[in-house]
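Chain lettering (A, B, C and D) follows the sequence in which the chains are written, and residue indices restart at 1 in each chain.
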């Protein structure tokens, strides 16, 4: 009992993930205070202000992060905010930023260059974050596809962080920490962080110190924001499976511990005898 | 020499700006005075302790419980006649965690040299490979076992994270080392390594500063050095003045932080803290 | 020269950035100078990413030449490198397949090979976590028990069905978890760890600027 | 074309999942192609975003010749492949490390330690009410005992040892939270892959069969 072929465990997990696809349950999703305050802060932004939507995630975590980027873009476009997207991740993020914003822009009829701009990627987050404090154009002379910023009408009135009203950071790594310590602390731009579940516990400390307005943690966080926006989507649909697998894993912990304690008691008895 | 040159240059720069500025606020960020004071106190503390450490002043560091466990675990491998596996993390040599991992490896290699226990050190980066190789050889020489030093003990395994992990896991299942020690920077593979080692029945000791990986080490290993304990352990073992001085300086600052927090809490509880809290405003 | 030059460069560039922080970045010369340096770092640092390419090609090519174990796989690595890299540096003016834009070879390989593989690598971890839950996570002692109990509560609380279950019990457990566990004990510990790590990073930075810490330069 | 894309994605997804059963040649092939693609990807990105946009165009196009400095430092990076001049690469590295360290030394203390200290100075009691006071006590004790646990200049004995013991309990609660959240994250990533396999790949069967 203490040692079984791990492939049986894998099989059970596989089943727990696939079954809810066939039988969806659609349990209601509650909203945490941290997601609510995040949403409220975005909602309170003045119409048609400029916001940075940062795609600091790798393709490996799209299941958790992309729904957050989508809700971010959706909410901001709904408020007619102008969006600047950029990334500090060299793998894939520039094109993910492009495809997510274009897809959401199509829903609301927004136009590239007028309503949103994708700056893409530059090496070295420290230099990029700090450098934009003086001039965005010196760091990103062109947008992701090579058009000079001066040819994009939206960028006319934007020099540096002074013209940015909010930073909506979507991250799966510690880059978010430096947005907080370098940009928020150094330039006072308010920000919210949407992040993978693995990162979430740490960022409660930054919510507590009011350095970020709120946090979205993992797929659940994305589902919460989808509910707030009134448009349930991929993350919400994932919640059923998430529930089932969590129960399965908790069951594994319990059964494993029972086996361990029973086994230990037997070994002790064996030794005594 | 270079210090003076730079200082003169900087002073020239300021006087130039000062001459042309209408308003001193256009030059100095007086609102950041608190940060300036903090940076200066911090730097002085670190440098003073580093100097004292270099001069050989006795600086006390408490014993780290996990270190005892390392020695016992290596001893166990000797009794069983099976190898010791040591993974110095999977990050580059420019990370403090890796440096700490390599320096603890030096101590472990001394024990394995002493008892002629086989040692296996898989690494993921060429620079770490060179450093680990050097440290292990040095330890064997110091213990007078230069001829027992196995050139293949330190092995460059693979550059890709999961390829590296798969390889090390394969080694664990085949060779069944008596003791696995993981010290350094670990990421998602922490669980894979510790779980496989657990299945192979090895005694496991881990140490990393990544809080999100620590739960898995704590759950699956027999002993875990958490966070800064890893650095303290390596400073304790190596007695390298650089590490020791840095650690002591940080300790000193921590005490100041705790005292300030206590004062702040007392003032806040009596509702007279506004000016004091203002001292910590980051702008 | 071989040591003095790098130490001097690290000192000068580090000091300028530290001092500039306390000056107005937009109006003072030192502020502008600091931003010039940051801009340069982006360029210099960009080259380091190309170093990786040289290393991986050298290692794999050596294995192919020696026909060592699994050399045929390594050949595929090399092919993959060049199939991605070469079209991406050719001008998109010549063919829509070149460059990095939508519809280029580079973009296609990324979207349909690389991205799904990256996601799959991490997805396999769910299986390992489940198996570890069964084998490794034991309430061996008081500390491990606290860890496991908190973990179980958090796992329940973060999913809709679990939350519904907790709500069946008396006392508003989900709220208590959020307030006292996440925003209480967890927040406090994270804060302690953040402060400790920040002090460590600052102390490392100080030693790099002053040239005391040179491990990053390698030996010799 | 779309069908081909979905099948290519499905092939490589399943190839990597197959390792769960056991190591096999298809997995190895996928793994090696994967390593090559990642390395090749950086070339395209750096060539365009750094070499062209930030170095070549401004220098040749706009005559910003001061960019020769970072250009030369960048080329120095490659000196490490020739032992005789490899020391040149240290200058470039020192430049990157020095500048970054200059930013970190200040911002870590200013942007992290100061605000975290400030927000730990919470009022105990007063008009905030009972619940807020309990929470404040938890936070203050938690922060201080964690800092004490990671204080190395004194043995963990007496009152100090007691505080460290409290610290370790707090730390275990926090690690439990990390654990729970990590499980959640890993499961989400698996869901993402299965969503693709079930909805897109199996969905595409109907167009073929």
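Criterion: contacts are C-beta pairs under 8 Å (C-beta built on N, C-alpha and C of every residue); 3 or more make two chains touch, one makes a residue touch a chain.
Model, not experiment: these values are computed from the prediction.
Novice: Would you mind checking which pair of chains has the most C-beta pairs in contact?
Specialist: C-D
Novice: Quick one: point me to the chain whose Cα centre is farthest from that of chain D.
Specialist: Farthest from chain D by mean C-alpha position: B.
Novice: Approximately how many whole Å separate the CA-defined centres of chain A and chain C?
Specialist: Spacing between the chain centres: roughly 15 Å.
Novice: I'd like the Å distance between the centres of chain A and chain D, where a centre is the mean of that chain's Cα atoms.
Specialist: The mean C-alpha positions of chain A and chain D differ by 13 Å.
Novice: Nearest whole angstrom, what separates the Cα centre of chain A from the Cα centre of chain B?
Specialist: 30
Novice: Considering chain C alone, which of its residues make contact with at least two other chains?
Specialist: Within chain C, the residues that touch at least two other chains are 7, 11-12, 15-16, 18, 21, 38-39, 41-43, 45-46, 48-49, 56, 100, 110-111, 114, 116, 118-119, 121-123, 125-127, 129, 131, 133, 135-138, 143-144, 147-148, 151-152, 155, 158-159, 182-183, 186-187, 190-191, 193-196, 198-199, 202, 204, 206, 216, 218.
Novice: Where in chain D do residues touch at least two different other chains?
Specialist: 19-20, 31, 34-35, 38, 41-42, 45-46, 48-50, 54, 96-97, 99-100, 103-113, 115-118, 120, 139-140, 143, 147, 150, 171-172, 174-179, 181-184, 187, 189-190, 192-193
Novice: Hey, what residues on chain A touch two or more of the other chains?
Specialist: In chain A, residues 3, 6, 10, 13, 17, 60-63, 90-92, 122-124, 126-127, 130, 181, 185-186, 197-198, 201-202, 205, 208-209, 217-218, 220, 242, 245-246, 249 touch at least two other chains, as defined above.
Novice: Are the chains arranged, by touching, as a line, ring, star, complete graph, or other?
Specialist: Contact map by chain: complete.
Novice: For chain A, which residues count as touching chain C in their complex?
Specialist: 2-4, 6, 9-10, 12-14, 17, 25, 27-30, 32-33, 58-63, 90-92, 95, 98, 122-124, 126-128, 130-131, 133-135, 138-139, 145, 181, 186, 197, 201-205, 207-209, 217-218, 220, 239-240, 242-250, 252-253, 255-257, 260
Novice: Over in the complex, which chain D residues touch chain A? Could you list them?
Specialist: Checking each residue of chain D against chain A gives 20-21, 38, 41-42, 45-46, 48-50, 52-54, 57-58, 96, 99-100, 103-104, 107-108, 110-112, 115-116, 118-119, 139, 174, 177-178, 181-185, 187-195, 198-199.
Novice: Considering only the defined contacts, which chain B positions touch chain D in the complex?
Specialist: These residues of chain B touch chain D: 32, 34-35, 38-39, 42-43, 59-64, 94, 159-160, 162-163, 166, 170, 211-212, 214-216, 218-219, 226-229, 232, 247-248, 251, 254-255, 257-258, 260-262, 264-265, 267-269, 271, 273, 276-277, 280-282.
Novice: For the complex, which residues does chain C have touching chain B?
Specialist: Counting only chain C, the residues touching chain B are 4, 7-8, 11-12, 15-16, 18-19, 21-24, 27-30, 33, 55-56, 59, 121-122, 125, 128-129, 131-132, 135-138, 143-144, 147-148, 151, 190, 193, 195-197, 199-200, 202-204, 206-207, 210, 212-213, 215-216, 218-219.
Novice: Within their complex, state which residues of chain C touch chain A.
Specialist: 21, 25-26, 31-32, 35, 38-39, 41-43, 45-46, 48-49, 100-102, 107, 110-111, 114-116, 118-119, 121-123, 126-127, 129-131, 133-139, 148, 151-152, 155-156, 158-164, 174, 178, 182-183, 186-187, 190-191, 193-194, 198
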